[in-house]
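Across the two complexes that follow, chain A remains constant while its partner is chain B and subsequently chain C.
And then the complex of A and B:
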């Protein structure tokens, strides 16, 4: 008989992550790629990639889960057993690998969050509001301006003797400040170090405002791959900051665990990777609220809909 | 002021706190009342067009409600409220309300019925209603009688809400206290949407404004001796009174609110023993996009009660 496996997909604004795990939280397949504004296509690509890596002879996926900003849409596509927010998914995944973790810092492409953990369960969280300054998208745009690949940012930042002061409270101000610093002759590496410092400082002053940051600290999300930002966090917090090799997959990992814990099992088929999915937005005209209802179709069949505030707007 | 038969009451701001009293008073005087419909997207859009960009979401909605009453009544009731005591004042928005409305709708010339009270006038509620009655051409005794009856109705309404909420608090299940200004908590476009989400996720929602006002006000002085706003006092007092009887607290604020920005931050820092979520609703999206935050919060409470995720 085949052994049981569990699939988790985390669809973020910038990247889409997928993992398959076994009963003992061991990774059987993993994938990380850009969402490129198309969560449906990105998820199908992730499924393709996972199918290639996955040992279908010995394992069968029996439950799946989705998390991240497009979790509902992709959850409907896959017929996922669990569709859950990214805070819980990250907390579940991280505490599975680091049972003693107290603080999870996460900086992704467009959002950032902090999760406080006590006795292996999240007790508090915060997310950035309104503005994406200090996230991955911000670093990418500044890298572009400096003519440096964002992947090299960490290394360059570590080579700097000191960090140039950069005003990074707001992306618009940061841009003009950066130009100014370049023109008055700051070396590039100091400016890059300054940007990394600003990202860490900005995070601690905004997202983590008023939260007690206790050790062990685990840092995740795309920006955690930037060694410059890691170093700045360690300096600001005066404590070690753990970056897991699999840190970027924690949301997908967590939701795969939750899919297993749901105890709802159904043989999963990778066929969804080859199917045509379409979404359509309908404006409900039954009252003055004009709810925007999202309808998801597989081929011509309506498989799910949401967005209505009341039953009058229910489509199925 | 010409003959007034019907009075329009915009369903916004303090109508959510004192509307029952207003309506009963007017009806006791033999007038009929038209209340604007519940907030919806159209009302918000109307109000947003009228309002200066930087005013708060509830005020924008209020203007939408005023607009929907144009031509529907003989006068629109827009009181000017300053509060009765220096430490129990109202936000400046209420002190300017009739002037703002008159000015914003100056081309429509609505008939605005108003009454004014302020802590430096050393007045009380009974006197305020006498002057409101006088503005409608009623005698002192008529107004006094109407106020007495209206006050009674208001107290009964309030008692019924308290009683109903107490039953919910005694019941089983996960209880979430929604804390905020009454017009944020109960407006369908603001707190109403959050309550709906919480309910959908299986929570019983109770509210800070369905707590005995005198008791809450008194209790708020333990929280702060100097805080100058009555609504924030009633809200914080109710939080103090109920915090041990609920499983979590959601602080709801509408952007931008000066008093809330100060008080809610203080609450988050002072009230440590219970899960607390602070949500700010804005005019762009209202309560949309709140699902992730509310769901995460509910998960935190549920998994804590369950003692962990069971993931290792």
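And then the complex of A and C:
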């Protein structure tokens, strides 16, 4: 009898993450790669990668879950048991690994959120609203402008003696500030340190506004890999900030746990990785609302559709 | 008796505002004895039309109402009516009148902001402007019935959002609610309004519910137009009940205009607020505090982007949230047309409340 395993995939705007866990939350396989604007291809690649790492002789995947911004599409592709938002997934994943955590800070590619935890359960959360200032996308566009790889940002920021003041309320303002600072002759590392500080400051002033940040604090999402931002958070909050080495996989981990908790089991096959999936957008013409209905096809067969606001637009 | 030909009647229109157009229709048709142009449900096109001709910094309600007005004029309205209010809304009528005129529409524009003083003489003068042959006692009776209809609409709506998330048979509540709205749309006298209401209430209360022992209860507070108008808030309450919550919204026309007065509510929120901060902030804070005290699981605060009075209420809500350990979800609306962001936030909010309830019990 094979042991049970659970698959979780987190398809974000920038990166796609996949994990397989066993019944004791141990990682059996993990994968992290860029979405590159193509969630279907990225999740197929993740599945290929996981299949190679995964011990198929002793384990059988019995449930799967998807989260992240393309969760619905990939969920339909895989026939996932659980399709849930990334906030829930992150909260569940983090509290499983750090049962005593009180605050989860998360900065991803295009969104940032804060989750407050009490007794191992999320009690409050906030998410950035109208714009993506101070997220990973902002940092990588600025890295591009400075001619530095975004992965080196942390290191460079730590080498600076002080941080140049950069406005981070709005990406457009920050950019003109940056250009100005460069032209006045600030050294590059101080500007990069300033950017990291700006990201932390912007986060605490916007997303975390009005929320009480209690220790222990766990920081995750792609930006948590930036040691400069971590340091700025520690300075601002005056408390240690934990960065888990699996922090970037937390959403996928959380959704795998949710898949297990759903108690719905069905043997999962990795064949989906080799199938052809197509999505087609149809504009419903039955009223002036013109709902965009997304249809997902496996080969030629329609497997799911969504996007209609009323029954008139229902395709199946 | 003089027979008025239907074609001689003028067509009046008012911007879409949640379900209240039905009550306004009743007053116009039964009281003023003019025709009322009842617009169909708003679509994306309405919003696009409104934003196209609006100043960029006007709030979302301005764009939605302007879109409705333009559609009404295109549909043949002779007189369009715009209301005034306690915030920037008071200037919106004047501005929209100019915008319509510049677009080349030649309809009559009645701006209620000019009559907001509320003197009886002015009101009668306004009624005479809308119909020179108006029968004042008949109008008063119709206004009374119209107000009653608005109260009934609010009452049935509250019942719907409180229970429809738990209906045993899918769609049964929705069906009863739609039937009720349809009856209000064709009601012609006091009796039909009352019968429709009583029938709907009876049907709804007899429908079978599968309510869990501890359902998640969510209170909606916020800015007047966006919180009430379902199209403006992207069917927020409907989305919440589909997730399985019981939803309440204190803010409605009945509670704002016919029942609670601002000065009566403010003493109840003394601990948080000493003075009136604007049009609906007192209602927002009062309702939020009430939900917190009654043990609701969460509060959703709704406003249009850039709404200053409601922005002022946010720090107070944060205090309430801290004192009563009740999470508040803040939503800002402009004229976006994708639901994805909203769905993610609402689902996360509901999941959080549900899990919290399970663990803490």
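Odds and ends about this structure:
Just so we're on the same page, the second predicted complex is superposed on the first by the 316 of 316 C-alpha atoms of A that agree within 3 Å, B and C clash if a C-alpha of one lies under 4 Å from a C-alpha of the other, contacts with A are read in each partner's own complex, and residues count from 1 in each chain.
Methods note: a residue touches a chain if its C-beta (ideal position, glycine included) is under 8 Å from a C-beta of that chain, and two chains touch if they have at least 3 such contacts.
Only a predicted model underlies this, so the values are computations on that prediction, with no experimental measurement involved.
Partners chain B and chain C, once the complexes are superposed on chain A, run into each other and clash.
Once the two complexes are overlaid on the shared chain, A:212 sits against chain C while remaining clear of chain B.
Of the two partner chains, neither chain B nor chain C is touched by A:9. Of the two partner chains, neither chain B nor chain C is touched by A:198.
Look at A:25: by the touch rule set out above, it reaches chain B but stays clear of chain C. By the touch criterion defined above, A:119 reaches both chain B and chain C.
Legend: residue contacts after superposition of the two complexes on their common chain; A:77 is shown touching neither chain B nor chain C. When both complexes are overlaid on chain A, the residue A:261 reaches chain B alone and has no touch with chain C. Of the two partner chains placed by the overlay, only chain B lies in contact with A:96; chain C stays clear of it. In the superposition on the C-alpha atoms of chain A, the part of chain A touched by chain B in one complex and by chain C in the other spans residues 69, 84-88, 91, 119-125, 127, 129-130, 210, 287-290, 309. Within the complex formed with chain A, the residues of chain B that make contact are 40-43, 193, 196, 265, 268-269, 275, 280, 282, 291-293, 295-297, 299-300, 303-304, 307-312. Only residues 43-46, 235, 305, 314-315, 318, 321-322, 325, 327, 330-332, 334, 340, 344-345, 347-349, 351-352, 355-356, 359-360 of chain C touch chain A when the two sit together in their complex.
Residue ranges on chain A touching chain B, taken from their complex, read 25, 69, 84-88, 91-92, 95-96, 99, 119-125, 127, 129-130, 210, 254, 257, 261, 287-290, 309.
For chain A in complex with chain C, the touching residues are 69, 84-88, 91, 119-127, 129-130, 209-210, 212, 287-290, 309.
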